[in-house]
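See the structures that follow.
First subunit A sits with subunit B, and in the next complex the same chain sits with subunit C.
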Partner chain A sequence: MLKSMIYKEWLKIRWFLIGAAILGLFIIAYMFMNVQRSITFQGANAVWYNILFLNKMIFGIMKYVPLLIGIGIGVAQYFPETVNKRIKLTFHLPLFENRALMMMLSVGMICLLLTYLLHFMVFWMLSNYYFAHEITVASLITITPWFLSGLAAYFLVGLIVLEPVWKYRILYAFAAAMFVPLYLKSGMIGAYGPINIPLALLTVLISVSLLFSAYRFRKGEM
Partner chain B sequence: MNNVIECNNLTHYYGQKLVYENLNIHVKEGSILGLLGKNGAGKTTTINILNGFLQPRSGECLIYGENTQKLPPETKGRIGFLIEGHIQYAFMDIHQIEKFYSGFYPNWNNEPYWELMSKLKVTPSQKISTMSCGQRSQVALGLILAQDPDLLILDDFSMGLDPGYRRLFIDYLRAYAKSENKTIFTTSHIISDMERLIDDVLIMDYNRVLAQCPVHEFMQNFKQFNFTLLNGGVDLSKEKFVSNLEKVNNEVELYTYESEEFVKKFLDDNGVEMKDFKKIDMNLEDAFIGLTGKY
Partner chain C sequence: MKNLSRYNLIVISIISLSVILPWIYWLSFEKPIPKPFVMYSCVDDCFMIRGSENGKSYRMNEHGEMFTREEFEQKLPLLNIRQLMISRTLPDSIKGVEMDPHVVNKARSFYRYKPSTKNAPKPGLYPMFESESGRAKLEMPEDFFRINSRMEFIDADRNKINEAKTALFTGALQHFGFKFPAKMIEGIPTTRKSCDEGYFVVDNADQVFHVKMEQGQPYVQQVEIPKGLIFKHIGCVDFRNKLFYCYLIGHDHNIYIITQDDYYLKRLPVDEFNPENQQLRIYSDLFNYNVIALAEDFMKVTVLDDNMEKVDVFYKSWKKRSERPEGKVFSYLFPLQLNLVDENNAFINFYFHLTKGFNWIILHIVLLGSHFLIIRKRKAKLKNHIVDFGIVLVSGLFGFLAVNIFPNKLND
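Let's look at the complex of A and B:
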């Protein structure tokens, strides 16, 4: 059953996921090409000076990429379930409904995390190549909430898309639009260090929010 | 014979609007029950309650003795469900969808599925979303046959199908159900299709059940008499024995469970002058319209 569920979810998200993974890699490569160019033309000292003393964010272009990937995967995965109320088919499978939903959620979340892990690792390796360990660590601390924002958005898209009543969908979307920017407040490099773990815990807390929308659907809210 | 479906005192409202009150439905094992009703009479509401997609205001539905609001996976595995419009995972092709569902059902038998698919003029990689309604109906039916469920719940299976596909669907379904002792609970807008398929009929009108019995019993007992009134002012519609009455000028269509002798005697005893009295042969669609009215 798990294999079948993985198969269905994969069929829905595969093209978006592969495209997003490649696009993310291109953006990271582009960022570090810029670093290479700056080092070549301005010298490494100038680049370091910009980062350490002018607090210049050289990888700002990447800020919204995980968020867009999270929203995209959420829509690709959950929207087809709502067309013609196809979620009924999923609820009719010989599984407890919440188990079926948790399987769907887990597949989407793992695919998303693997994509993020790929981007994170490539970023880490390239950063390690160009910068001192301290700068790399500070950079990773800086980009971590960006990835968490994508994860949170993915969970909230599940809540919004599966909600059966438009009025509530809009309300949830509004709440999500207020909530997600918490992860993306601009700040100094490494500024999110003290709050990354609470943010991660908060993200875990909202992870199962789609169960609420699915419950409302099963009770016949319309 | 055991009841596969039992709905007891089912009451449901949408907001303040009553759908039905104290509805009781019993479907015996091995029988095919057709739920007939006009648009908005509560057919899809009943299907949704049966599948656990809607919580009734009061009352309960049991399938194989289990409350439909909390069906365990084993019981759900015994139920094949066809959603109105033959909805399926349209982003899959016929191979992908067969592969997907086969992982859920231990008795999965793909033979009838591929037999039906061989009759469709679709390419192996064609997405279900690009198929015609008739082709989609065959995919949905094939999947149900491959699942080999004990109970089939079919919500308006004839929707969007041309006559050929409807006939194919019905003939396949009835032969399958009767040879394998399957139970079917179905709704359809096209009543003439139901006549070929069902054993028992449940006719619903707004807020109430008008008839629930074997279809042959209903067709035998429910009658239409036409006559022309000579004194036009007579109103027979309030009489207890009259199930429905359609009157255009002095031409009367009277629907009743009473016999021809009873009706004639009543008219005679009450001084109703008429001519051209005749009993009209009806099919199920005529009887349905006769019972529920044209409006």
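Let's look at the complex of A and C:
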């Protein structure tokens, strides 16, 4: 039964996930094509200098990409469950309800993490090819909270979409809109260094937020 | 698990609200603190002050004598030399020194330090310019250096280490007793300067070295510093008079300079300057250095003569933001404020600012009562909401909003 459940989740998100993974790769490729072009026209030393001393973020274009992917996968996975209250079928399976929900969440989260890992690794490899260790590390520190924002958005979309009462959906969306910008503050390259671990812990904290609205859903909260 | 998920959501909501609500409050109600502009007059040998109070601007000296704008400018002729030349009121000489604009400009300099300059991500890689290229313009080198276990030069085009240059510079540093890795590397990494003087580097044993490149060869000079002195910040300068290389701020809260060519470390006779929470501005002219330390609630201007001996000190304080009317209202509303950015730090982090006193307890009790009424109206069991009451009592408005955005109907 678990296999079937995993397959069901995969069916819901597969096309969006594949599209998002390809789109992310295209954006990373586009960024580094720009880097190559700048190196050809201005020289590598000028490109390095602009990053190191003028705070030029060559990778700024990907700031909201992980966030959009997280929201997209969350909607693709959880919205179909609210149509005709289909999620109630899941609750009728001979499984603990929380276990079924955690299974749903895990499938989406692992798919999302794998997509992010792919993007992160490709970015890392290309950055290592063009830039010295210092620039690559500072860049990775800068993009890490952007990926965390996508994960947080995915968890919060689950919370919002499965909430049965519109008034609370709006309030949750309001809470999410206050929380997600914490990951996206503008600053110097590498400025997020001290806060990345606390933000990762907060992301872990909200990973189970889905259980809250799902419980209200199955209780028939109106 | 459902309770855990709810409390997790409450935690993140309290964190978000403690960032957003105080930010909105200050955005709406904060008033500027009127910090005056203070400069020492070489004409009257006293401080001149320009500021505003109750919407009215004033220009006066430290004795309270008021001036018009034109009079005020004439009291600070070296600062306003262009205006005085246009209005033909520039004196021929001051203190027996002829007012030659070229000489005046050569002696004039400005240096500014903010704590966020020091508390910021460091690039880790620096361009080593050719100091004696024989060219009028400085050129950006093809490589950048780092100082870890050795002084490595990385060719940007190939992203590979230039081993020959690395060995040359590493050997030169070792010869002078440099202890790897470097703790601090400070210079002026731009081609837009009058000439290149390389970098001042603090090694792992807190020794200070001057490192530059002359005709492709390393130039290294160790600066003699008193035992135990550790520098927190080095601000290199490129002033026209070429009297010194840099300002240095020690862990002893003193300000130093390193003189040009003879590498003499000189302490400025300025009282404690805290580089963690004070800004520093140093204006110099033909006769004086105005060393201005600016904190949240005071400014101190120390005037030095051209030999850097203390002449006079001006001190003015004002109320901190938390002590002003809008700060007092804030103290009744919020127990704390959480910021992601800090004016003294360029890193993004959670900066907690606890509100002084316990004025907020009144609102917390009111909110506790309100929450009690909400629970009673829902006819819920009070014992199921004890934790929520605790959250509201401790975190006030943040917690009250959070527990009602995510209501505890799980156990009712």
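As a convention for this text, the second predicted complex is superposed on the first by the 222 of 222 C-alpha atoms of A that agree within 3 Å, B and C clash if a C-alpha of one lies under 4 Å from a C-alpha of the other, contacts with A are read in each partner's own complex, and residues count from 1 in each chain.
Operating definition for what follows: a contact is a pair of C-beta atoms (placed from the backbone, for glycine too) under 8 Å apart; a residue touches a chain by one contact, two chains touch by 3 or more.
What you see is a predicted model, and the numbers here were worked out from it, not measured in a lab.
Overlay done on subunit A, so just call it for subunit B and subunit C: clash or fit.
fit
Could you tell me if A:F174 is touching subunit B, subunit C, both of them or neither one (first, second, both, neither)?
After superposing on A, A:F174 lies in contact with subunit C but is clear of subunit B.
In the superposed arrangement, does A:A46 touch subunit B (first), subunit C (second), both or neither?
Once the two structures are laid over each other on A, A:A46 reaches subunit C alone.
Could you let me know whether more residues of subunit A are touched by subunit B or by subunit C?
Of subunit B and subunit C, C contacts more residues of subunit A.
Output check: A:P80 vs subunit B and subunit C. Expected answer is one of first, second, both, neither. What do you get?
first
Between the C-alpha centres of subunit B and subunit C, what angle is opened at the C-alpha centre of subunit A, expressed to the nearest 10°?
140
Given the touch rule stated above, what does A:W124 touch, subunit B (first), subunit C (second), both, or neither?
neither
With both complexes overlaid on chain A, does A:Y64 touch subunit B (first), subunit C (second), both or neither?
In the superposition, A:Y64 touches no partner, neither subunit B nor subunit C.
Go through the superposed model and pick first if A:W10 touches only subunit B, second if only subunit C, both, or neither.
Neither partner.
Applying the document's definition of touch, where does A:F217 land relative to subunit B and subunit C: first, second, both, or neither?
The first partner, subunit B, only.
State the minimum pairwise Cα distance, in Å, between subunit B and subunit C in the overlaid complexes.
10
Under the stated contact criterion, what part of subunit C meets subunit A in this complex?
1-2, 4-6, 8-9, 11-13, 15-17, 19-20, 120-121, 123-125, 127, 140-144, 146, 154, 156-157, 159, 189-190, 340-341, 346-350, 402, 405-407, 409-410
Going by the contact rule set out above, which residues of subunit A touch subunit B in the complex?
Counting only subunit A, the residues touching subunit B are 1, 3-4, 7-8, 11-12, 80, 83-86, 88-89, 91-96, 217-220.
Where on subunit B does subunit A make contact in their complex?
48, 51-55, 72-74, 76-77, 79, 81, 83, 85, 87-92, 96, 99-105
Give the list of subunit A residues in touch with subunit C in this complex.
Those residues of subunit A that touch subunit C are 39, 43-49, 52-53, 98, 129-132, 134-135, 138, 159, 168, 171-172, 174-175, 178-179, 182, 185, 187-195, 198, 202, 205-206, 208-212, 215-216, 221.
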